[in-house]
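Heads up, there are several structures right after this.
The following pair of complexes shares a single chain, chain A, combined with chain B in the former and chain C in the latter.
Now for the complex of A and B:
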């Protein structure tokens, strides 16, 4: 019994006619992401555009003069106060990212390579400090570093110092210590992820080819975890440049950062256009520095081979 | 295939090595000698302990008890990076952030050779695996077969005393795998290094090795040349793992020294060698015969040794036909592999048929 060939072929599928614009792949994609897109436009794009617009205007007491001017940028870039504040902020954020990554790497390494079946538990334990408010964590450093603080009383109790010292709090070091502590977890996670991705047989292969523990770490594990290091540096550096709570609480007058100046312009000084110009300048400088750091780390990793 | 004489000097001595994980013994009191310049295969199903043994030779795993020595040097406490062995990993483990050349000279860097010598050795290794000119290629731009070759070159360039290969061909497709079998064998003969190959593919082991150790459940069942392993397997497990085998229940009539006489309904009285591992258990024994050692007798052809039966199933494989033939008095039907002659008639299912066999092809098997 043979089936005639025509019998196998069914009727040609009839496509329902629809508006080709709505049918298109792009339209479907856009409609899928539209809630997020609308959210992003209203809460991210519009505010940034407003800040950008403000930075080209001038404040006259209570009114804003909307004629285009670059005067705010001239002040932001040439006034030594703002220049110094910006440089100090960049320096502090660099120090914080360096110390954070240096401290976070061994933790991430330990969890990834020696965490065994408890990796999840270890990561969970690391997030515990985040259960308390950021402010509370900053305040606790005040308690530790203060004049009558834990550090001073310990040193005196051990007989290492005669009286309390005020050298620990209200300076750049205090800001760096506090921020480093606050951002540690954010650095652990991306480094942990990049270490987890490393195929363990690569480490075995390096051993097989004669490398001891240190050499194989430097030649295999470290270069392959560079993406994690870069994310960690960026995740820590970018927000810390703009931090104003920590310098306000533990920074004293040496620890003031650019965000404090920006906050002052939007607050007490009531000069929104200058504040906006300072914000835009900071954004531009941070972007440039982030790009520079990414390129530097990549080049360093390549040279290490 | 082994046409060159292998020095009778031992390269690897494994004595009474056990590796336990809790109560599970991955390797159980295993002893083995691998000779210098030999292509040696560890063959067995997954979980038989072959990879564990290889990793202990490499130094990635430590015996729970027993000892391993390489080239006369005991390896107890010697870490993997100080052993005169190099390994080709199953996943190849090519360093993704380095190019082919950097991968190959990875181990040489530590030796601090002068630049010209290092370059010469890398070039030589690349040539050995036919990768000349691909030195600057990135590791991620390579095909599976090329990665395999880089892994091989990276290990060979170190000039190890022993090259360990952990299922190196399992990820390749059939054609490439067969080509690499030939190449690996040729390469081994050219460099003269002792190769230890782990595989679960019996044809791979038969095609490449000087000797094979067949392993089951953490123990070595038989160590012998491919030919002997195939023709004279010591027990049913080995026989079954290395290709098809017909098992026929037999009765022991007489047993003396190294030989014994068995009686079966179809094959009659057969005198065979007694396998080394044979332990007598009552009067029952097993005889084995490979499917290709049974021959269909066409038309009026006769043979001194015949057995009659009926075709119950037939499978066509191109160059061969696989016949399943029921023999009166046998528990299980016999498998017969018949080479196809173009133009010859098919043997229909249900046909009565006579088979010729060579009594020498019948082997007594321990259970």
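Now for the complex of A and C:
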């Protein structure tokens, strides 16, 4: 593991004592990180570049024609099916990030400011679901919202409804609820970290200078936690756009998202270039939306002060 | 004003309880219905049984999937932790050009839509002519475990006092001896946490495994296949319960190891101060 470092450390000491140049430190750092970096380049950077290249090619049955074309992008952007799927995915991920971040802020605030000795325990409780299977979390909502599910049988048992309702499962709302639950904890951590970084003396100073709790919160705590809010939004919004498990399990016909279309192109439909173009388009559009929201949040925070 | 300050934590505290309830409640239905005699998950429960668990042990496809998951999880967690050690050590110990952007690149799989990462890896594997197997799943899992392993290890290595290593070197210990006798004991809790966390991620990971596996299913892929059949639901719930239990146990161990290490370094700090 430390082989790269050892190799350099071995002959170096004499020279190092004479000349503790920054360069040798840079070389050591780079050589130590290089195995991991090379791995990420091979399995992340190269693949993404290949997707980009594929998106300009054409599929002819089993062959791929490598002449440059923008046809895939024309289809991805103008075909009403893909356009609607993309818009719906963006809308769903926007709603989900709004709900997760709004729900997460108070809990992050509570743990950071009032967690006391149990801070670690609270954080642990919050993060456990974050590590457990995402597939299982989605599945449990299918059990709850289904026709013969927990919600229906409970409502009937309480005498609130006469028969089971199929209104809960297989629609956009079910997708939003499930995703909000599945990603809830992802939003807590970044906000918590940014709240922890706030210098408590600033809050005390605001109190001493006569700011009430609300004013103090709006003028000190909230603006200083904006970086956390922004990373929470990003960490939820970008991945949820590309989710295909939730729409498949609880979305039904109205809850299909763009990732289901991408998956189909790489599976049954077997049109890799179109799938690649859809992936690139999705990434580009969600990045643009995320950038817009980041700017909006920053401006709103500045206004609030 | 004073009153408000007293009310607010209570208000927040009850919110926190509800939030945790919201996090856990849906998941609790999995174990509840896995012990239910009826095949459809609905209230009231019809009776308590362990038969769904008994059935699991008699399903060869499931045993295979469990074995596959174990193999993939162990390989992926070891590899991801080795890569994580290199990167975390480099990042916490040295200053070098592009340090922040390299760190950003390594953390990127965490924020990229998983389907896009999976699909691009799939394209590379297919165009390289590699056949899909558990090995390609391991490649995928290592990539997505690196961000987790890196953040666990970086925070473990950060509290590390560099002067101890220098002292060891000054006292005549070789570079390897310093690593083995000074560095390793101090960082081993972080390494153990990283192994456990990466294993859990791999064990529960579905999307990469779904795209990158050939005919061999891991446990989540097996579950996905079973979800199509309503009659198989109780078995899936039982399996899900076991997976949940395994994850929670592993994570609790990881947390205990991490905390113990944190307390130890704190105590040492106290003594030294």
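Going forward, the second predicted complex is superposed on the first by the 271 of 305 C-alpha atoms of A that agree within 3 Å, B and C clash if a C-alpha of one lies under 4 Å from a C-alpha of the other, contacts with A are read in each partner's own complex, and residues count from 1 in each chain.
Everything below uses one rule, namely that contacts are C-beta pairs under 8 Å (C-beta built on N, C-alpha and C of every residue); 3 or more make two chains touch, one makes a residue touch a chain.
Remember, predicted model here, so these are calculated numbers, not experimental data.
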Check: Which partner, chain B or chain C, is in contact with more residues of chain A?
Finding: C
Notebook entry, point to check: In the superposed arrangement, which partner chain does A:212 touch: chain B (first), chain C (second), both, or neither?
Noted result: both
Checklist line | Contact residues of chain A, present in both the chain B and the chain C interface | finding: 212
Notebook entry, point to check: Okay, in this complex, where on chain A does chain B touch?
Noted result: 199, 201-202, 204-212, 215, 219-220, 223-224, 305
Check: Hey, which residues of chain A end up touching chain C in the complex?
Finding: 1-2, 4-6, 9-10, 22, 25-30, 32-37, 39-40, 43-48, 50-51, 54, 103, 106-107, 109-111, 114, 120, 122, 124-126, 128-129, 131-137, 139-141, 143-144, 146, 148-150, 152-154, 157, 181, 184-185, 212-213, 234-235, 238-239, 241-245, 249, 259, 262-263, 266, 272, 275-276, 279, 282-283, 286
Next item on the list: Please name which positions on chain C make contact with chain A in the complex.
Entry: 1, 4-5, 8-9, 12-13, 15-16, 19-20, 22-24, 26-27, 29-30, 33, 40-44, 82-87, 89-91, 93-97, 99, 102, 105-106, 108-117, 119-124, 127, 139-140, 142-143, 146, 150, 175-176, 179, 197, 200-201, 203-204, 206-207, 211, 220, 223-224, 227, 233, 236-237, 240, 243-244, 247-248, 251, 255, 259
Item checked: Touching residues (chain side chain B, partner chain A) in the complex -> 58, 60, 79-82, 85-87, 89, 91, 93, 95-98, 102, 106-107, 110, 154-155, 158
